[in-house]
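My questions all concern the structure below.
Labels run A, B, C and D following the written order; every chain starts at residue 1.
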Amino acid sequence: MITVRFFASLRERMGQEMRLLPAGPCTVREVWDLATDQAQPPTHLLAAVNLEYADFDAPVADGDEVAFFPPVTGGAA
Amino acid sequence: MIVGLRAAPFAPWSLLAEAEQALSPADRDGCGASSVFVGTMRADSGPAQVLRMHLEHYPGMTERMLARMADAACSRWPLRQVVLVHRVGWVAPGETLVVAAAWSAHRAEAFAACRYLVETAKHQAPFWKRECRADGTSSWVTANTPAPAE
Amino acid sequence: MIVGLRAAPFAPWSLLAEAEQALSPADRDGCGASSVFVGTMRADSGPAQVLRMHLEHYPGMTERMLARMADAACSRWPLRQVVLVHRVGWVAPGETLVVAAAWSAHRAEAFAACRYLVETAKHQAPFWKRECRADGTSSWVTANTPAPAE
Amino acid sequence: MITVRFFASLRERMGQEMRLLPAGPCTVREVWDLATDQAQPPTHLLAAVNLEYADFDAPVADGDEVAFFPPVTGGAA
């Protein structure tokens, strides 16, 4: 099983916060396609695998958590 | 080292006093300089007054990133103490968003480390701001202000 | 603006909290960033432990120079609040020597103004340090540490 | 009357803290010579007239306060 999470504006845009996908060796890009029915990825989309930033070509394995989110906007002005 | 998230308002200057008091006598004797940044929520950042803001984060990843940034600062500069604390949840204008601070023997290292903490926390830690304005509108903050020129 | 000399030990973080509380509501709403430097007397700055230090100044000229530096910072950057306080007289290790701080809408201005205050106070304000060491020696500090590279 | 002041290590080296000189239009350099019996000025000597930094060629007038001191060493490490 792979856990897919969406944060912030992306969560609202995709209309989902979390989703479980069947396991199977794949990449972050393939997880995106599967979880979003092949939606066009927004520009500046960021991804993380198991709480670490990851490229779209990074491998994903059974039990991994994959997160997608927009550019970060923390800190002060 | 005081690193992490705060889900409720906190007093930045008291936190800094605590961080300094936590120094060992030896570290205190060696500390000639501390450089501090305190970021505060403004009420006037957009076209309409901002009433409140929601600071979303990625539980687990955000804490891990902040801890890594503090560790990286300590590897890169000879620091005696570090503070990196970021607010999450609902925030009102005037409340503290982030505190970054570094204590060192000399001011050059303290300044550099503080700047590093502020900029990496802002540009790499997973936080997202949603502003609620007096005119009833609400929207995600989409872009970071650029890093200051050196 | 809180600018001047202190002849007795003072608590830097309380001073900074006071400076922030002195902000008008409008200034407070517009303040997104504060950058602070606190300089502290070290016990280990020379070959032998420093027991105490005497900070001499030029009464009249020193205060005037500090006030001018704070005014210059306010002319150069859009600041909401400034602190520039320097200790004089007999100082013991661990005591605060100088506090410089700037509050502004954005972090770039706050950082730049704080750095300016620290460096100009150090290199232009008439202060002279004489160190008394554990080995019984005593001497004037003859050179400033250089300004940090940008 | 011109008031001449010496600070810090210079005060100790010159063995005097303050001195009054008879008035008369002159320069900072001439005040130094008069106040110190033409001692060799130390390198990096600084001067102020009426609480403002001044060059050695700066004019000094009756009632002025002229101060001499070594390089400043305030602030933090």
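In the analysis below, contacts are C-beta pairs under 8 Å (C-beta built on N, C-alpha and C of every residue); 3 or more make two chains touch, one makes a residue touch a chain.
Everything numeric in this text was worked out from a predicted model, so none of it was measured.
Asker: Quick one: which chains contact chain A and chain B both?
Answerer: C
Asker: I want to compare two interfaces, A-C and C-D. Which one has more contacting C-beta pairs?
Answerer: Answer to which pair has more contacts is C-D.
Asker: Between chain A and chain C, tell me the centre distance in angstrom, where each centre is the average of that chain's C-alpha atoms.
Answerer: Comparing mean C-alpha positions, chain C is 47 Å from chain A.
Asker: Nearest whole angstrom, what separates the Cα centre of chain A from the Cα centre of chain D?
Answerer: Chain centres of chain A and chain D, defined by C-alpha means, are spaced 71 Å apart.
Asker: With chain centres defined as C-alpha means, what is the inter-centre distance between chain B and chain C in Å?
Answerer: Here the centre of chain C sits 22 Å away from the centre of chain B.
Asker: What's the distance between the Cα centroids of chain C and chain D, rounded to whole Å?
Answerer: 26
Asker: Quick check: what residues of chain B touch more than one other chain, meaning two or more?
Answerer: Within chain B, the residues that touch at least two other chains are 32-33, 37-40, 42, 45, 105-107, 118, 145.
Asker: Out of chain D, which residues touch more than one other chain, so two or more?
Answerer: Residues 76-77 of chain D each touch two or more of the other chains.
Asker: Could you classify the connectivity of these chains, where an edge means two chains touch, as line, ring, star, complete or other?
Answerer: Contact map by chain: other.
Asker: What chain-chain pairs meet the touch criterion?
Answerer: Pairs of chains that touch one another: A-B, A-C, B-C, B-D, C-D.
Asker: Report the residues of chain A in contact with chain B in the complex, numbered from low to high.
Answerer: Those residues of chain A that touch chain B are 5, 7-9, 48, 51-53, 67, 69-77.
Asker: Taking the touch rule as given, give the residues of chain B at its contact with chain A in the complex, in rising order.
Answerer: 37-40, 42, 45, 55-58, 60-61, 64, 86, 97-98, 118, 121-130, 140-145
Asker: Tell me, which parts of chain B touch chain D in their complex?
Answerer: Interface residues on the chain B side: 32-33, 105-107.
Asker: Name, in rising order, each residue of chain C that touches chain B in their complex.
Answerer: Contact set of chain C toward chain B: 11, 13-14, 16-17, 20, 28-45, 93-94, 105-108, 110-112, 115, 118, 145, 148-150.
Asker: Going by the contact rule at the top, pick out the chain D residues touching chain B in the complex.
Answerer: 76-77
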